[in-house]
Structure formats: C-alpha cells, structure tokens
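Everything on this sheet refers to the single structure shown next.
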Amino acid sequence: MFPYSSGNYQIPNPNYRFIPQGQYYNPYSEPPQRLTFVLVHGSWADVHFWDGVAAVLRSQGNIVYTPEYAGHGTDSNKKVTHAMITKSVVDYIKQLNLHDFILVGHSFGGTVIQKVSEQVPDRIKRLVFWDAFVLKDGESLADELPPQTRQGFEELRKMSDDDTIMLPFETFRALFVNTATTNDAKLFYASVAPEPAKPLFENLDLKAFYALQIPKSYVYFFQDNVLPQGEGYGWNPHMSTRLGLFRLIVGDGDHFTDTRTRPAYLAQKIYDASRD
Amino acid sequence: MFPYSSGNYQIPNPNYRFIPQGQYYNPYSEPPQRLTFVLVHGSWADVHFWDGVAAVLRSQGNIVYTPEYAGHGTDSNKKVTHAMITKSVVDYIKQLNLHDFILVGHSFGGTVIQKVSEQVPDRIKRLVFWDAFVLKDGESLADELPPQTRQGFEELRKMSDDDTIMLPFETFRALFVNTATTNDAKLFYASVAPEPAKPLFENLDLKAFYALQIPKSYVYFFQDNVLPQGEGYGWNPHMSTRLGLFRLIVGDGDHFTDTRTRPAYLAQKIYDASRD
Amino acid sequence: MFPYSSGNYQIPNPNYRFIPQGQYYNPYSEPPQRLTFVLVHGSWADVHFWDGVAAVLRSQGNIVYTPEYAGHGTDSNKKVTHAMITKSVVDYIKQLNLHDFILVGHSFGGTVIQKVSEQVPDRIKRLVFWDAFVLKDGESLADELPPQTRQGFEELRKMSDDDTIMLPFETFRALFVNTATTNDAKLFYASVAPEPAKPLFENLDLKAFYALQIPKSYVYFFQDNVLPQGEGYGWNPHMSTRLGLFRLIVGDGDHFTDTRTRPAYLAQKIYDASRD
C-alpha cells in the first residue's frame, strides 16, 4: 500500500504557515495542469457517452481520446469477448502511440482498463475508476452483482437471440439515470443498444494488474444506484479498496445522468482525481 | 427485480446524440409533471409535519393529501394497533376515492404504506419511502433498531402509564433534528407528543406487499441519525434494497429538520423520486 | 443510550405550528451561541493545523484554545507515550482553569480527548469528534487500521531511527489531502513532521470513558480517505456509534484540506456539532 522510495521524502519547510484569508479559497487561481485523457466507457453506451465531458476537458486545454471497442458503437458484431474489447483499446493506444496519459474507466470500463493496463503499463500516468468495477483476480463482473440483479441479467440474456442483454426502460431508469428528468431519461434510453453478454460473465486473470505500480484514483458518485453501496457490494469502499493506495474523490450524481446534464461538474471531478 | 414485459422495450433512436451546450443544464426548462401525493408521516409527528412540503408541492401545481391516522394528531386515544393506523389511511383514500397517486411514507410511515399498499394496490402510481422503514415479512419496526436504541425504547415504554413512548429532548435533538439550530430544535420538540408504543413492536405480515408490482423509490438523506447507516442497520442500502428494483434519490438533510427549514429542497427530492 | 431524567421532559406546546414562509430559512437570523473551544489536533500535525478554523471561530465571538502536546510542534523529544500526550492537554486545561468548554478531537486527537475527558469530566460541556478515532476499551489506534495500512505503518516505523513514522508524499496525498490542488498538497506536506509511533500502537484503558455522561457529537466528512468507510472500518458509523447517543453532522471534505481551503465551512460544521 505504501510507496517507500526515499525520493518521495521532501524536506519539511518549517517556515510555511497558513495565513487565513478570511474568505473561501479559489481553486481556479492555481493554473490548471494540462493532461492527456483516454476515456473508456461502460456497458449500454458508446463513445458518445463522453461527448460532454470530453468537450469540457478539451476546452480547458487537455487532450482527450475516446476509443470505441469491439461490439459497441458502429461495430455490428455482438459476438465479442473481453479480450477483444481490451485489444480494441490497446491497439488504439499503440496506433496513436499515446504516452503519459490518464486512463479513465467507467462502470464495465473499469474491467477494461484493468486488462489494458496489464499490456501497456509504461504508457499510463494514472488509472482513474469512476463508479467502475475493480475485479479481484479470477472474478467476472457478474460476480459483483447482488443475486437479484445477476439473475435478472441472466434471464435477459436468455431472452435474446444474439447473446446480448437489453435493459428494459424501467430498469435503466431506476438504476442508471435515477436523478434525471423524465424527458432526459427517455433521451438517454433512446441511445441504449443491446450489450454483448459474454464479457460480463467472463472470469478475468488479473494477477498482472495487482502487481502494477501505477498511481490510482477512484471517483465515487453517491447517487449511483447500479449497485447497493454496502452489505458486501458496491463501488466504494467495497471495490475501490482493492486498488490499495488510491486517491478518493466523491461527487453528487448517478451512473449516467451527469455526463449530459452537468458535464463540467463531472469533468472537474475526473480532473481532481487525475492531477498530480 | 426486473420487469420484463416487452411493452417496456422502446425502439432505440440511433439519430439521437447529445450536443454539449457549454453550460449547466436547467432542469426547470422541462415543464413539471403534475402529480397527486398522499403523504404519510411517522412517529412523534402529526399531519402538520408536512405543512411546508405540501405548501411547496401545491404551489407547483400538484395535489397533496395528508391523512392523519389513529393515535395521532387530535385523536386522544393512544391505545391503537398498526392495523388501526393502516385502516385510517385506507379509509381516507377510499372515502376521497383517490386514484393514481404517489404514496409517500416517512420513517414509521414506511411500515404504514407497506400495509396500505396491500389493500389498495390498484390506486397507487408509485410508492416513495423517505428515510422510512421497509420491514421484512414478519418483522416489527423494533427489530430494525440497534440493541441500545431498542432497549432505550423499551425502558421509555415501561415508564409511561398509557403504553406510549415520549422521547427525552436530548434523544430527539441528537437523532431527529441533529442539524437544526438550538431554537429550531426546541420549537420542533414543542410539537412532539408521546407516541403509541404497540405499533412499533408489532410483527407485520408483509407477504402480500412483497408480491406487489408497484414502482418504488427511496429518498435517503445522508445526515439522518435515527439509525446507523451500515454494519447491518440503516435506511440505504440496508432497508431500501428490500424493495427490489427502486429509484434512489439522495439528499443532504436529517430526519425532521428540513421539513421546516428547507421545505422546497425536500419537496424537490420527493418530486424527483415521484415523476415518471 | 437514552438520558431519562424527567428534567429533560418539556411540556409540549400544542399551539406551535409551522407557517411556511415561501422561502429558504436563514440559519444566521438566530443569534449564534458563544462557546469556548479546546481543539486537539491529530498525527502529522501541530497546533497550526487549527489556525484557519480558530480564526473563523474567534471572529464569530467564540473563545478558542489550541493546546500543543508532547512530541509535537516545538517539542523535539519524540520518545513520548499516549499518557504524556494526554497529560499535556490536561495540564493546559488545569493551568488555564478552563471550564464549560467544547473539547474537539481530530483523527488521533479522538483518542486524546477520550483519555482527557476521563481526567477532567466536569470541566467539559461536550465532546466533538471530527473524523476522529473512538477506540473501544483496550484497543490501540493501530487496531482500527485495515491490515494493509497497519502493515505499511509498521514498516515505516522500522525504517526510522527514532521510532517515528514519516508518511511518503504519495501516501499523504492520497489519504490526507485527496481533494487538494497539486500545489496545496505540496504546501501541506511541507509542514508534515515525523510522528511518534508508540502512541499509535498503545492499548488504552477506556473503561472510565465509557461511563461518562458528557454529551457527544461526531462530525463526518464524506471525502475522508484515511480509512475505508464500511466493511468493518471507518469513522461513521463504525466508530461513531460507540459513543452511544451522539449528534451527527456530515460535511463534504477530506481529512486535512478544508482546514486551509475552507476554514469557514469546517468551523460552521464544528459549531453545528457544538451548540446546545
């Protein structure tokens, strides 16, 4: 959990003392760091999930990449594996020869950045998980679902003729966009496509991931309703603590809504998790 | 947990794409839905508990009912049962012939709306629990209290000569109005009357409740101090997850205070939980 | 858990009814209570930790004391025990003959105010724990750390030649100032000195503490990342509930940052926890 390299030890400056200013501190007075982001979306989404956040981050001088992956977006082939999805992102990173970037994963995207980081660890400056799955070695995403949710996913999977899962509107509305207005919930749902089921049930070998020394952060939004937050389930602390030493950033939002309604707020939280 | 009716499946519109607006989204630009609410208060309260919230909801075009129930308000008979309390609300609904309403329960009122919904399920559009008890089949409210609190309630019950529980000021101040100013805490306490004890210790048959298909929401205020939030107790996720599929809305407030100090904020959270 | 003295029972005033004002309530319209505070800092800090908060509290008419304790600040002797630290604060209180004060402890300071309150219970008006350890009788602070953190502390302890623990920057940044800007994190770290290790591993006899009848409050900041908040660890409810009846106040902040960036916000939360 602790990095012990003596290089981290800075000489304390005993002359530094805080002088109260009598007013709230303005975090924007410090020139922002310019970073490179690679944003990896989750299930029932495509790269347009990040449109709002990427626009805000770019407007503040950051460089932002949003790779699509197998079985999503314009890829009509739904018969994909977790390895194919990982390969999509790794290939994207290698072809563009990206280095020193913040690799952000949302939801299922957490499992993707776990596997991507095993393959290109030296290119990554920091891993940021936003309400994202952090699987233990050997687990599948489905192993982190409460029994009722897992059973629901399995039944939906059986109902499909191409091994996908399509969320009914009521399920999506209650779990993914619970804070949205009625109209926004419908607009979100209009862009939801059936999700390839297999990658959600594949057990992942993550031994290499847990040996990596890349800095890590976890962004947790406290209105997220995809998983219960406690009683053996949930984003934080249940899965976040598997990261060992990590920076925590907490925000007020749910699983999807703020990407469209408050992209600047979400972008700020991701930036707070990403800066040095 | 999942409603699978094919009627819920909407055809995705591939042309819908979010266009970043460069500014925060205004949720008030969407015309609000007009709803009918039936608000059911909890223990150590009467219908005036809802005065502020009802005024705000009505000012926004909603219809609001606040039934009183046996053993509370102007009813001087404190020897009541949970069934009598349920009957008060059911009779109120039938006499006014209410339909298609949002049934909201707060605290002990959660157990009341559980039982009311068993008797008039077809009249209810949605159940909303706000920091409210959701009992398992066969449980009593007292079963959800930590041992120390339960023992305190039992000792207070024995001290009364009419089988009621009167909360000492310090207990009420610490658990129910913890965020209030000193004066507001005293004003709240001035309207607290002894609570009939028996309904808090009655085991409830809730098999019918758990077979109902009514949509459900849970509003959780994170400064609520009536129950510890974790370690096997609490509003969310401990009791909320018993609802199966539910919409979660989280707010910043305690158990009572915001009804008087920030009724518009609380009304907005209840509305967010209630709209389609 | 419940104070039952009949003196607490106030006659309900049935004429009091809330009249909705149609606007948000202003908590500042009630003249603030003027209180006396004794603020006890935690590990890797000295009395300057409180500079901002004390300045705000004083500007609002409160009296504020910030005792330094053995092994910290200008005390170059790092070979201290928990009893020596407690004695520093008790001596300070006795020499200044302080009475009727709010005793506030932060982090490790929670264990200090537990022991101080055993020695001068009649002088204390209320105990306030802010993201502070509340140890069980016989426990050490180290017993409340997750295994990985405890092991990290033990390894850092062994690395020192004077039985202290110096946090590497990455650890401090991730756990103590996770919400801070990069520059602020560095400024905070510049004032961090090696912490005497022994008091963190001493088992404390707290039988007398758990027999005290002093009112208690707990301030919990939900971005605090020193301990996981759940799964058997954490500030609230894991340790807070050991206080029995306590007033909960929740704020948005981490373990250290807000003392410098938002002292007025933190001071308000401490005041909210302290008033009658």
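The letters A, B and C name the chains in turn, as written, and every chain counts its residues from 1.
One rule holds for everything that comes next: a residue touches a chain if its C-beta (ideal position, glycine included) is under 8 Å from a C-beta of that chain, and two chains touch if they have at least 3 such contacts.
Remember, predicted model here, so these are calculated numbers, not experimental data.
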Among line, ring, star, complete and other, the chain contact graph is complete
Superposing the Cα trace of chain A on that of its twin chain C calls for a rotation in degrees, to the nearest 5, of 120
Taking shared numbers over all numbers used, above half giving same and below half different, the chain A and chain B interface sides are different
Distance between the CA centroids of chain A and chain B (whole Å) is 33
Where chain B touches two or more other chains simultaneously, the residues are 222, 229-230
The residues of chain B that touch chain A in their complex are 1-5, 8-10, 12-14, 16-20, 22, 24-25, 27, 30, 33, 215, 222, 229-230, 232, 236-238, 240-241, 244-250, 272, 275-276
Note: in the complex, chain B contacts chain C through residues 48, 51-52, 55-56, 59, 146, 148-149, 151-152, 155-156, 159, 166, 168-171, 173-175, 178-179, 181-184, 186-187, 189-193, 222-223, 225, 228-231, 233-234, 252, 254, 259-265
